[in-house]
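The data blocks that follow each hold one structure.
One chain, subunit A, links the two complexes that follow: it is found with subunit B in the first and with subunit C in the second.
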Partner chain A sequence: MLLVVSGLRVSYPAPGGRVTVVRGADFAVESGECLAIVGESGSGKSQALLATLGLAGPGAEVSGSALFEGEELVGMPSRRLQQLRGDRIGLVFQDSITGLTPHMTVGEQLAEVLVVHRGAGRQAARAEAREMLEVLQIPEPDYRLGQYPHELSGGMRQRIMIAMALLCRPSLLVADEPTTALDTTVQAAILRSFAKLKQHAGTALILVSHDLGVVAGLADRVAVMYAGRIVEMAPAERLFAAPRHPYTQGLLASTPRLDRAPSAPLPAIDGQPPDPASVPEEACAFRPRCKVARPACAAGRPPPVEVAPGHRVACLAAEPA
Partner chain B sequence: MKMLPFILGRAVVAALTILVIITASFLLTRLAPGGPFDAEVDLDPLVKANLERTYGLDQPIAVQFRRYLGALARGDLGPSTTYPDRSVSELIADGLPISLRIGLAALAVATSVGLAIGITAARARNSVLDAGLMGAASLGVALPAFVTAPFLTLVFGIYLAWLPVAGWGDGSVRHWVLPVVALALPQIAAISRLTRGAMLETLSADFVRTARAKGLPERRVIAVHVLPAAVLPVVSYLGPAVAGVITGSVIIEQIFALPGVGRYFVQGAINRDYGLVLGVVILYASALILLNLLVDFAYGWLDPRARART
Partner chain C sequence: MTAPLLELQDAAVVYTVGRTPFRKRRLQALAPTSLRIAPGESIGIVGESGCGKSSLARVVTALVAPTAGRVLWRGRDLASLDREGRRAFRRSVQIIFQNPLSSLNPRMSVGELVAEPLAVLRPDVRPADRPTRVAAWLDRVGLTAALAGRYPAELSGGQAQRVAIARAMICEPELLVCDEAVSALDVSIRAQVLNLLASLRAELGVALLFISHDLAVIRYVSTRIRVMYLGRLMEEAPADRLFASAQHPYTRALLSAVPIPDPVAERQRQPILLNPELPSPFDPPSGCVFRTRCPIARPNCILQVPNVAPAPDGAAGHVVACHYAGQPVPAGTPLAQPSPEPARRSG
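Right, the complex of A and B next:
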């Protein structure tokens, strides 16, 4: 296993005590595999990854374990984490206008990665950056290197960011909502390049998204996160075909599909995602919104149960098949 | 970027601005009650009329203005009525090196110390250090130079007797320190507050997270990615800062009895020395306009997005 995360907890200081946003997450990724982590905003899916990589906000407390290539990331000195980020572990965030440094050219921002991690000279770094743009099939690489971020389209900015994350040939790429701000055709192109990367370079991919449609074509396994915990994890095909957790079922039902009449109302999950400050520690967090909730759901947090090989569900209603 | 039309355009606007300033100052000084030859003891009317004729003050205002502009076009700022044996140009040439040194030193100190304090406070956000620095900065913004200057003199000039109380002496650094510090203090306060705010805003920008995700050392993140974006508001503030230093120097040169331009300005105003006041006004206005022009250039250099617009 390339990355093994277990019992991960992340909390932030807040007025009136700390708020826990990740409450014991367990997952693992292998080389060449794509794990998707899905959930609504606020479910803790981004925080779980940012925190293990030392990118959590000020005051964050991280506990549990995250072994990357045998090294423990939780509690690792920030200097060592720095060396891993951008080198062994690439990161891609949701595209935003200010996602790249506005006063530096694309070339400077790309080359910098190689200068810092590889001690490359400016010329060599630039040549290698150019090569990476070619690998990602970005047209006119030389022209791109001289451009500033404000001169690029959203899709181009995102491809530059992906190029940046891949420059040092990382063994793990973490992509946090990488296509959320982009239109569908660009989205498809970026997902295709991820698929190629996984296949040819053997790079492991963790794809964090709220969009099951994005995840469907790419993920080998899917983890569904709710209120800071993984409530269901299964091989992608199985999860889409036979979801067992009522929350996953709700999520899938509320995803628009082409094989359904466009006029048919889209089902929605009742209620609101829970406020991280008021998630009960000793009850199922989904219970208030759950259609199949029973009294026992309030009495204790359901433990994850393996319902089929590789398919784990944390729900009392999902007895082994 | 098309440089030449841009520079030419700005130069025309600058010249027009100075012309407006000259016209307004010319009229205002002459509208003010009293004249250069009014004293506590009235002059003999004949003597006064003679003097006014010598300086051309008996002419209608329009004629005086035309003559003044004509002389100015030849680079002549006219005579001084307070120092009858010297021209305004000579007086300014005498005082300018001193004022310039004090002013530039104050600006340099204000920018470097202000930036350092602002960055430190921002990085220690919401700590005791941050609160202390920003509290001091608020105080610094609120205290006028005529309060801090005598206070500094009292402490360092009289009680501790480390530095001269006043005067230029041989022009050595000892004589600069107190005036420069007094002049810089309010600007340090303003710049450090500005820097802290801009740093905090920039630190929360997405590109800072990207830079950290790339595994850059924190020093590099701050120096290469955050600072150039965070100093933009500070660069824009340099225009008003120069205005502050100029007005401050008028008071500071008076308090520390420095033979700079600011002192002539005060004397000129008190004695209704029209030529002297106008000369200094033109100097100050040109300095301000020139610096604002430099700020615009620096802005374009620091921010590629502004470059596209000019």
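Right, the complex of A and C next:
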């Protein structure tokens, strides 16, 4: 296993006590694999990932364990974490304009990654940067290297960010909502860049997204988060074909899709996602919105149960298939 | 045909950008466009960034005056309306935006926010009757009466959007414009709000102008769909017809690019891949504005602006602006390639 996260908890200071946003997440990623973490706003999907990489916000308390290539990331000195990020772990975020320096050309910024992390010479670094743009099938690579970030479209900037994240041949690439800010027709091209990477020397991908369509295209396994916990995890084909948690089922049903005739009304999940400050520690957090909730759901938090190989569900109503 | 509620006649929006006279540049956000909205109708406007869909919404709601052309409300030019006429227009045409929190005054309670349009636009409703109406509308949009005392900052995104809907609907408008109104909402909440909008239309007969970048969402609420690109109309058709037989290469690309939440289908999907570089709106391409990204563009597309014309098969209500409408467009590669390319040599 490349990355093994266990018992991860993340909390932030808030008026009236700390608020826990990740409440014990367990997941692992193998080399070359794509794990998608899906969930709605406030589910803790981004926080779980940021905390793993030492990027949680000020005041955050992170506990649990995250072993990456045998090294413990939780509590690791920030200098060492900085060395890992950009080298062994690549990062791509939703907002690509803030990830690029406005006064340096694309070529300079890409080369700098290799100069800093690998001690490469400027010339060699630039040649390697150019090669990466070719691998990602970015048209006119030489022209791109001479451009400044503001001269690029959002889609091109995001592809440059992916190229930058991949330059040091990381064993893990982490992408948080990488296509959310992009237009649909541009997204199609970016998704192909990610698919290319899967063919590329065993780079593992953790994809955080709210878009089930994007996840369906790339993920080998999917973890569904709700109120700070992973409520269901399964191989992608299984999760989409036979979801067992009522929340996953509801999420899939309420996603409009173009390949099917629309049913009116659109099935919706009643109620609101919970406020992280008021999630009960010892009950199922989805219970107030759940159509199959029973009294026992209020009595204790359902433990994850393996219902099929690699398919874990934290719900009392899900029995082994 | 019934008399339209609202009609655009060659309405255009041009912004002048830049401070000094030498730096001024013209940006045509909306090319001269005509549109008729009948009472109770539901029109979807779809397109990507810079297509002019929000400018269209602003012209329809008189938030922006067209720089050319006319907007007619029940046959009367908006520009010629007197004070009372404008008030009647504001009462009849309402808009909700993508981010409800930025359109709700943070210092007003939910109850005050929903009552405000009544006070401003419906002087005929006695102040004593306002609380009853507010309570009825909060209930209608699915909010508990207890929320009336809360402030916008205490609401979730879905709740805030419901407040915006209640506020827009309390004066019983005839047209509700929704500009990316569900785009910022989570999937499960988005479905609730879409169903609410559909039921309001069914029960009250309010016409909807639903603007979105998301075709799958727009399909749920629209009977007629217009596709826009760089400020211009590319294609318009009844919803079922558009999804069954789109004729414009851009519409086809849009339809083919929407990911499907099913790993088997999604990995075999062969979207039409467009050149991802959008042209600058300050310097739009000559001829057909879509030609720089179009997979089937020919020399003719550089020279001639395509007219908005009936679809090649003459289907009712279906118009396309393309010299080569209906011609086959090559599809791209699927995400999962059966035989992966050979790994490139290292070093």
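Quick note on the criterion: the second predicted complex is superposed on the first by the 312 of 321 C-alpha atoms of A that agree within 3 Å, B and C clash if a C-alpha of one lies under 4 Å from a C-alpha of the other, contacts with A are read in each partner's own complex, and residues count from 1 in each chain.
Definition applied: a contact is a pair of C-beta atoms (placed from the backbone, for glycine too) under 8 Å apart; a residue touches a chain by one contact, two chains touch by 3 or more.
These numbers come from a predicted model, not from an experiment.
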With both structures lined up on subunit A, is it a clash or a fit for subunit B and subunit C?
fit
According to the stated criteria, A:Met104 is in contact with first (subunit B), second (subunit C), both, or neither; which is it?
first
Just subunit B (first), just subunit C (second), both, or neither: which does A:Leu67 touch?
neither
Subunit A residues in contact: does subunit B have more, or subunit C?
C
So, A:Met164: does it touch subunit B (first), subunit C (second), both, or neither?
first
Partner chain in contact with A:Leu266 - subunit B first, subunit C second, else both or neither:
second
Of all C-alpha distances between subunit B and subunit C after superposition, which is the least, in Å?
7
Sort out for me which residues of subunit C touch subunit A in the complex.
48-49, 156-159, 186-192, 194-195, 198-199, 213-217, 219-220, 243, 253-267, 269, 271, 273-274, 276-278, 293, 332-333, 335-337, 340-341, 343-344, 346
Once bound in the complex, which stretches of subunit A touch subunit C?
40-41, 135, 153-156, 183-189, 191-192, 195, 199-201, 210-219, 236-237, 240, 250-252, 254-259, 262, 264-270, 272-273, 275
In the complex, go through subunit B and note every residue touching subunit A.
125, 205-207, 209-218, 220, 224-225, 228-229, 302-305, 308
Interface with subunit B, subunit A side, in the complex: residues 53, 55, 58, 78, 82-87, 91, 93, 96, 98-104, 112-113, 116-117, 148, 150, 161, 164-165
